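Here chain A shows up in two complexes: once beside chain B, once beside chain C.
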Partner chain A sequence: MIKSFILPIKELIKGLYTVFKNGFKKRVTLEYPEKKKLLNNNFRGKINYIKENCIKCGICQNVCPLISCIKIDTDFSIDLSQCIFCGNCVENCPKNALYFTKEYELAVNNKEKLILKEDN
Partner chain B sequence: MEVISQDRILDINIGPQHPSTHGVLRMVVSLCGETIININPIIGYLHRGLEKMAENRTYLQYLPIVDRIDYLSGFFCSYAYLNGIEKLLNITPSEKAKYIRTITMEMNRITSHLLWLGCFLMDLGASSPFFYAFIEREKIIDILEDLTGSRMMYNYYTLGGVKRDIDIDILNRIKEFSDHFETALKEYEDLIEGNPIFLSRTKNIGLINKETANQYSITGANLRASGIKKDLRKDSPYLIYNNIDFEVPVLNNEDSFSRFVIRIKEMRESKKIILQCYNWLINHIKDEEIKSNINFMHIKPEGKVISEVESPRGLLQCIIHADGTKKPYRIKWRTPSFYSVQLINNLAKNYKLPDLMSIFGSLDVIMPEVDR
Partner chain C sequence: MSIFYLIYIEFMIRINAPHWLIFALWHLISFIFIAILLVITVIILVLFERKYLAFYTRRKGPNRVGTYGCLQTIADAIKLLFKENIEPKNIDKMIYYTAPLLVFSPIMTVWFLIPFTSGIIPFDSSCSLLLFMAILSIPILATLFAGFSSGNKYSLIGGLRACTQAISSEIPLFLCLISISILSGSMNLDSIVKMQNDSIFQWYIFPNILGFIIFFISALIVMNRTPFDLPEAESELTAGYHSEYSGMKFAMFFLGEYALTFILSAFIATLFLGGYNSPMGFYISDLLNLPIIFQEFLKNIEQFIWLMLKTGILILIIMWIRASYPRLTTEKTLIFSWYILTPLAIFNIFIMAIYKLLRSIL
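== the complex of A and B ==
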């Protein structure tokens, strides 16, 4: 009878101890817009395009898992609103015309701005 | 048995957008008072046609999509898919690639179990263990992000190995994590295992006996909590599990609580495997062969193959039917959650409605894997 009273109190104290212990630990979160996490060089962010290197072989279009993300008719363009950042196009480009940047805040108020074209 | 008249039965609808269904599961529950009489789980709200998508994509194009089958443990799906292709093309990954695959997969298993732990306790109404589990999970995710370039959709494995070599800095961080992880596991055990609320809501609730488990083809931790010792890593070792010393935890209690204990024990075993892989990799840091030289773009395998892997949720199979062209003829996925979700009617019958989510949470079902 007494045991059934003591056990919950013991567990309650144990739980509170854990909460307070974690309260005094080093903070694990970052205050996002002011402080940002340092990113590794491998990070797959926004894709950039170097026009001079491109030979328009079409490999990036053939390895992309999406059907209408990369387009090469006369001009080269990537639709970043569809892109899943898998990295297939960057890895398989024979002339290194595509590379990843560390930019990841891609919210815009016009969808057209996310279509990466040759001239920008 | 008491016959309940129809006018006392109330059908209510739970989901598909309910916070504790771990995705988009819809359940039509028949209630008499608060007692559950029947549950009809309805799936398909997250169906993306991943099996059909394979048929009009090349093998390389399908590779990033494979990670989306189970977003909590993407490495396992990638491995199952690539292992099938490697079997068809007779490619054997180098020893170092095998070790890197193992260490990353075991880390992925820990992240998956930690997320389950947090969400399961959240279902039971405890919110602070969720944050403690996420602190540890975040450390692994950070390591994997620096190694692969992405936090969850890794796309890191390639034909005959992995895309990028693991460097000494990342290995040291893995060691640091696994040294510290034991204290975190102890903290979870101390905090949760003795808690009277947790015990009263999980002990002797949601029993899966051996017969039911076999009838429903349950695999993984749910099966091992019912007293059947089956683990693909021991039964037919793949990768380098032959050389590694680890145990398969088995419990006979068959209830929700034993499913919790088994997953904690599994995390401890995964930590052991990670340390052994670390010891091997640190001695072979200069080995350079990590992938095959065959161009993934132009492969044309032929034949049928089944490749299996022990994922955090159970036995994951990828069945590839290749017909000698650039695109697969048919790919079929056998995912463990699909079998677990059907158990819910059997388990939660005759329990009260608030128990439904605790029982369902203990099964570790995630919906993208069910619907594919």
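== the complex of A and C ==
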């Protein structure tokens, strides 16, 4: 009878103590614009293009799951507003002309700025 | 009569003020004192709670507005002030607009009953405890009004929950007040405080520890604080009875909630922890050799600080509980207060009566 009264009180105090211990541990908050999360090496950010390596074989256009994301006619362009960052084009490029960067803040005011062309 | 009141009367008679003005102005002064104190405490409490919960959950809390986020509450208040007045479609207009006022004004009235120092008692009545019981049941009506008039099922359920919960918890709360008035033989809060002035062992928590625990738990239920915050259970009811309110009307509910938290903690400190009395049995300001008016002034400040310290510790515990425990279900809260707290409170009155009798005999 007494035990059934004491046990919950004991557990309640234990709960309070557990929460109290949390107060002295390291904070988990990252203040975003000043401090940024460390990214691992295979992070898929914005895609970059090296013009000198490209032989315009068209493999990237073929392996891309989207229809109008990558376009190669006379010059190369990727529409980042459609890109799903699957990485097929980067993996299949025979001359390593495409690679991922760790840049992920891609918000812009104008949608046309998301279309990456040769010169930028 | 306190020394401040005497100085005030003396001053007013010297400048030949009429009698009605003297009394009216005194009440106006106490009103201004309470209003300023309330706004300052609520602003501090809201910020402090956010910081304190962040401490327990390994976050940093608000730290953008001002140094360490000290102006965050003021920024929030400005935002709420300039918000548009949104009126839902199916509301009962008159009740909808009365509810925020009705929730806030009784809580502010309760603040007048507290003896903040031996000199500052805004409303000194011979039946303050009775007044406390009577006034404290009005905000509950207001929550029911708010839930009923919003024209929203979640609000209605929240309001009904708040009402049932508050009724079931007010009975043990008030039974504990009876045990206090048995011990002190008075219903005046100032004389209750004065009975506990000799030392820390004179505090009513020592004979009445059971009453203290019951009062604390039922105060948590009345405040709608976390283990019992079913009326505002955001996972089921969005925000409960105030989900249709926005802007200044919401701010009234918010202000009322924190003002109630503070005032109930101050009441617990007054009734059980010796109120404004120093726990050492003497005041530090009494040791200084100063002219009597300065000494009285310093003593009042010291008493105020003691009361705020005791209240602050209670608020710390309340917020600590909020950080630790999950929410109970409705029927468990009701069963807890009807089947455990109420019989224990009645039993406590019985024990206190026997204790008082034995003390008078021995």
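For the reader, a short list of remarks on this structure follows.
One rule holds in what follows: the second predicted complex is superposed on the first by the 107 of 120 C-alpha atoms of A that agree within 3 Å, B and C clash if a C-alpha of one lies under 4 Å from a C-alpha of the other, contacts with A are read in each partner's own complex, and residues count from 1 in each chain.
Throughout what follows, contacts are C-beta pairs under 8 Å (C-beta built on N, C-alpha and C of every residue); 3 or more make two chains touch, one makes a residue touch a chain.
Please read all numbers here as calculations on a predicted model, not as lab measurements.
Touch criterion met: A:Val63 reaches chain B, while chain C stays clear of it. In the superposed model, A:Phe5 makes contact with neither chain B nor chain C. Set side by side, chain B and chain C differ in how many residues of chain A they touch, and the one touching more is B.
In the superposition on chain A, contact is made by A:Asn40 with chain B only, not with chain C. Of the two partner chains, chain B is the only one that A:Gly87 touches; chain C does not reach it. When the two structures are aligned on the shared chain, A:Tyr32 is found in touch with neither chain B nor chain C. Of the two partner chains, chain B and chain C are each touched by A:Gly15.
Overlap of the chain B and chain C interfaces on chain A: residues 15, 18-19, 22, 28. Of all the residues in chain A, the ones that touch chain B in their complex are 7-8, 10-11, 14-15, 18-19, 22, 28, 40, 42-44, 59, 62-65, 84-88, 91-92, 100. Within the complex formed with chain A, the chain C residues making contact are 55-60, 63, 320-321, 323-325. Every residue of chain B that touches chain A in the complex is listed here, in rising order: 57-58, 60-65, 128, 132, 135, 138, 145-150, 153, 155, 163-164, 187, 190-191, 194-196, 297. Taken together, the chain A residues at the contact with chain C in this complex read 12, 15-16, 18-20, 22-23, 25-29, 31.
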